[in-house]
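This is the structure I have questions about; it appears just below.
We just call them A, B and C in the order they show up, numbering each chain from 1.
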Amino acid sequence: MAKNYGAVAALKNTSLSVLPGEVHALMGANGAGKSTLVKILTGAIRHDRGTILVRGKAHLVRSPADARRAGLVSVYQEPSLIPDLDVLANLRLTQTPVEPFRNWVRELGVPDLDMRDNARDVPLAIQRVLDLARALAIEPDVLLLDEMTAALPANLAERVLDVVKRQSRTGRSVIFISHRFVEISALCDRATVLRDGETVGVVDISPGVEERIVELMLGAKIEKARAAQRQATEASAHGEAGTRIAVRNLRVGTKLQDVSFDLKDGEVAGVVALEGQGQDELFAALAGSTKPSGGTIEVDGRQVRFSHPVDAVRAGIAYVPGDRSEALAMQQSVRENIALPFSAAFRNWGPIRMGQERATVQSAIERLQIDTRAQREVQRLSGGNQQKVTIARWIAVDARTILCFDPTRGIDVGTKQEIYKLLRQLAAQGKSVLFYTSELEEIQLACDRAIVIFGGKVVDILPVEIADEPALTRAAYGLPRDAKAAVGILAETASSEGARP
Amino acid sequence: MRMLAKFGLAAIAAGLFAGTAMAQGTYTIGVSNTVQGNGWREEMICAIKAQALASGKVAKLNIAHRNTDAAGQSEDIRNLISAKVNAIVVNPADPAGIQAALAEATAAGITVVAVDQAVTEPSAYIISNNQEQYAYLGAKWLFEQMGGKGNVVYMRGAAGASADSDRDKGFKKALAEFPDVKVAQETFTGWQQDQGKQQILDYIATGVPFDGIWTSGIDNVIVDALVESQATLVPVVGADNAGFVGQLNSVEGLKGAAVTNPGSIGGAGVTLALQILEGQKPAQQTVLVEPQLWENVTDEGKAKLKGAADPSLSPEWPVSISIPDWTTYTKEQIVACKGPGE
Amino acid sequence: MRFLRQHGWVAGLFALFVVLFILTKIIQPGYGAGDFGSLVRAVLPYAFVVAAQTVVVIAGGIDLSVASMMALTSVTAASMMAGASEEYALFVVPFVLALGFALGALNGILIVVTRVPDIVVTLATLFMLQGAALLVLGAPGGGAAEWLKNLIIGTVPLPGIPDGLTTWIPKALVLMVVLLCIVWIPLMRSRLGLSIYAIGSNQLAAFRSGVPVARTKILAYAIAGLFGAMGGLSLTMSTGIGAPIPGPYLLASVAAVVLGGVALGGGKGGLLGPIVAVFVLRLVRTDLTLLAIDPNVTAIVEGTIMVAVVMFGAFIVMRSRSS
């Protein structure tokens, strides 16, 4: 099976070939093109160039139904049962034979499924198992599993891996996407590694191969990152600073399980995580838009409980989302957008003091060097300038803590630099910044420390000196910090698998 | 909730029965009307209530009054049949569309009186203002004022209403007598004030000259529009609505005429229904009330207008709040708008 | 237990209808079979327009053009039948139904192709259809074949069943049940029916399950158009004319859909609930007329009942979730 894809260069030149009876891992850093490839293989989006061959025969895959006919069936990260139909109707919808489905469900460790229950009423973990059983029941040639075990409790996950393994023995193929090396080494035969939309290597899974995979995922970046290391002098200057926010054993939903860290005054702390490791929930909890299910958040030594984003704003915590359209009123002017939080949240419907507002806004614009030629409508600004506006509004209200969630996504390099500079300036003024980024090299460009989250937990906190891309990548995949000596890690991690909660 | 609703309705029912027990009279009269929130129709309802009270013969009024179509009115009429009323006074949404329901009412022994507009059901009695004459009188006066030539703006009522098509006949009849008068613009106001005003403002904005305006009763807002936009005050013909009559008396330089179209026809309908119930059937199925024209050009006309003006009424209400021989209530009664037992 | 959970809402509505019916009997002891026939005839156009709205809402959309669709199909039927022979109506009826289906499909195609939200597209078609209706008939008029009008008058004489019972089965009720079932039951048994629920419940999941989302949406609107045409025909049947200005059917359809337990977000509910809801709403109107309550109050009462029932339902659902 081979495929090329042009357009916005999400995929440039990617090929993936899977042998019969093989479990094949598909790997790559965030944004390498994994999800695009999966979408193409399952017919969710169309490719511009290239072909899909199943057992040597070319197939046109233009919809999920086409993919199914070609023998490609996938299980997605989110459950894809129709929530308002019962299980039986869901099977009828996809024309899945019921008896094999029932057998697979039992096999997968769910003995007491009531087929007349609405999918909505089935627990999330079980829904994923049902998704898998539904896929297995139609006996696909190629089964595509996207982060299948992510939301599963350990006993179910084990069963699932077991079933997948056996599936491959019947001569069918499995494409397995996972961030967990432990699972990959236990299950997969080979791995294809993607980087920047290209296939950079196909490796056999054998002990010690993780290092090779990490190298492939990063490519030449390893050397480059070392060169870009920032001087540590600036960072260490804040050693004596007070603690602004203390997070202890924070839990949010099922994704964020146990997170503790401190955020100091005058510090930029980076957060590093693969997609979906609980970072969204962490930021939402700190910004007051989600209620934590356990643990505590302290601000300036006092425990707080946010029930609404306004509470967080009152505590001096400002949230800058990655998706700028979430934060900005696109048709309004720059001035109005900057003035929005303090006229809305702090004045409580009272009259807006025009003169004062104008002065504050003007100083914020100047400090940020926002290009104001197009200030009548925010939507006409460039992405970088839009992002500056979202940050500026919080400077205007003098927020002491700024939560930046991937603020540089899709922004040109020059503006990125300005945003790093801005974050450093804010820190120098004693403000504290929590900065999640999906681009690992930004940690060393802007941060003092890196907090690495994996599987909903803080797995490491790295000082900036050693937080280069390879180290962060390793940590983000849950590998131990000094894993240079490849031999033995697998044995070590494999043995700890049973102890996983 | 269900229990609550039940008790609530039961309580309302109990209150109503207690109320009706005190009233005089024996008959129950049902009313069906399908335009809500229109001044003329509100006066019609109030006239029905006042006449029912003044007659002393009506125990209870059963009023189905909402905005709906012919199918909805049929539903209301059938509900009134279920309520076992003695007579139904109906202002039809459509002359033909409610024929089946009216026939059922007659079959159930109920006297049916259509007011304001005709119906096709032959068993129903009709008491109505003479709409053809209404339009003819006003249009003829207007064309005379225009000197028998020029452009007229023709602002009709609601498309398809029988009153509107009857008036159209009268208007066309007058138009035929004045071959040099041209219709510059024809619009349907739907008998809605805001709609009519917008239409004339739009027309003024086109800058096309016009020499007179004939309206189907949406009149005072038209004068307002002419004054506000400082357009030439051309002669305007309207109905005897209180606001328009007031304008004819007070607006400097306005020439115009009001043609009576009493909303109190509803009260006349009640009187006719009661007469039939007591055995005095009219000679013909259809009774027409002839309109009058009051203009502000001659002294005689001015005097009539002065006498008719009544600033205490809502501007949308016709000033002819009673019809001689047909209504017996007082002005206080119709303004109070209370029926028997209220 | 599951039956109650899945059909509890409809059962509750039906109980409400029975209570209202008993209440009607108390208010007006003479309320009988003929009056029930009147109720059914009043329900008829509402039932079809509600069915139209139900299909679309279950598919996750909303159709603001239903009332205009009724008006257009009604005037088309009335103007074609005016002065024509009785047999000609045999041709008119299927033609008008096909017209409704096609115009409904056009709604769906516009929504799918332009990707403009359905509320905007159907608002636009509301005006287009209304304008078209006025072109067909500038004022209420036209006619209807006698046999068509007679379809909803009287009762159905069924051999072997005592007269006392058949008087309670008006022709209009039979017609309504038959027409709704002819469309609804095969639909629910087909994959299309499942797909309609699926795209309303979760469009992405439906797409991934291999549901042709665009085609399903178009067909849902087309079926709504078909029901709308049935509603338009029923208007012509009951009035004998066609009226180009739509009656109060749009808001009534949304109200009955909500009251009938269909989630406005889509994916949930059935047809029985909204139909029973229409009966409830019409019977409330009857009771208010029988009680001779101030007409300006009746609208408030109707609205209050709706809010109260929906809130009560939401409360019950919340209670059963938390327990």
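Note that a residue touches a chain if its C-beta (ideal position, glycine included) is under 8 Å from a C-beta of that chain, and two chains touch if they have at least 3 such contacts.
Nothing here was measured: the structure is a model prediction, and the numbers come from that model.
Engineer: Work out the mean Cα position per chain and let me know which chain is farthest from chain C.
Structural biologist: So the farthest one, by centre of C-alpha atoms, is A.
Engineer: What is the identifier of the chain with the smallest separation between its Cα mean and the overall Cα mean?
Structural biologist: If one averages C-alpha positions chain by chain, the most central is C.
Engineer: Approximately how many whole Å separate the CA-defined centres of chain B and chain C?
Structural biologist: So the centre of chain B lies 34 Å away from the centre of chain C.
Engineer: Rounded to the nearest whole Å, what is the centre-to-centre distance of chain A and chain C, using the mean of the C-alpha atoms as each centre?
Structural biologist: The answer is 46 Å.
Engineer: Would you kindly tell me how far, in whole Å, the mean C-alpha position of chain B lies from that of chain A?
Structural biologist: 70
Engineer: Specify, in ascending order, the residues of chain C that touch 2 or more different other chains.
Structural biologist: Residue numbers touching two or more other chains: none in chain C.
Engineer: Which bits of chain B are touching chain C when the two form their complex?
Structural biologist: 1-2, 4-6, 9-10, 12-13, 16, 36, 60-72, 74-76, 78-84, 94, 96-100, 104, 159-161, 165
Engineer: Per the contact definition, I'd like the list of chain C residues that touch chain B in the complex.
Structural biologist: 15-16, 19, 23, 26-28, 30-31, 35, 38-39, 41-42, 45, 134, 138-141, 149, 153, 235, 238-241, 243-248, 282, 285-287, 289-296, 298-299, 305, 308-309, 312
Engineer: What residues of chain A sit close enough to touch chain C in their complex?
Structural biologist: Spelled out, the residues of chain A in touch with chain C are 42, 44, 63-65, 68, 74, 76, 78-85, 89-90, 92-95, 116.
Engineer: Under the definition above, what is the set of chain C residues touching chain A in their complex?
Structural biologist: Result: residues 2, 191, 194-195, 197-198, 200-202, 204-212, 263, 267-268 of chain C touch chain A.
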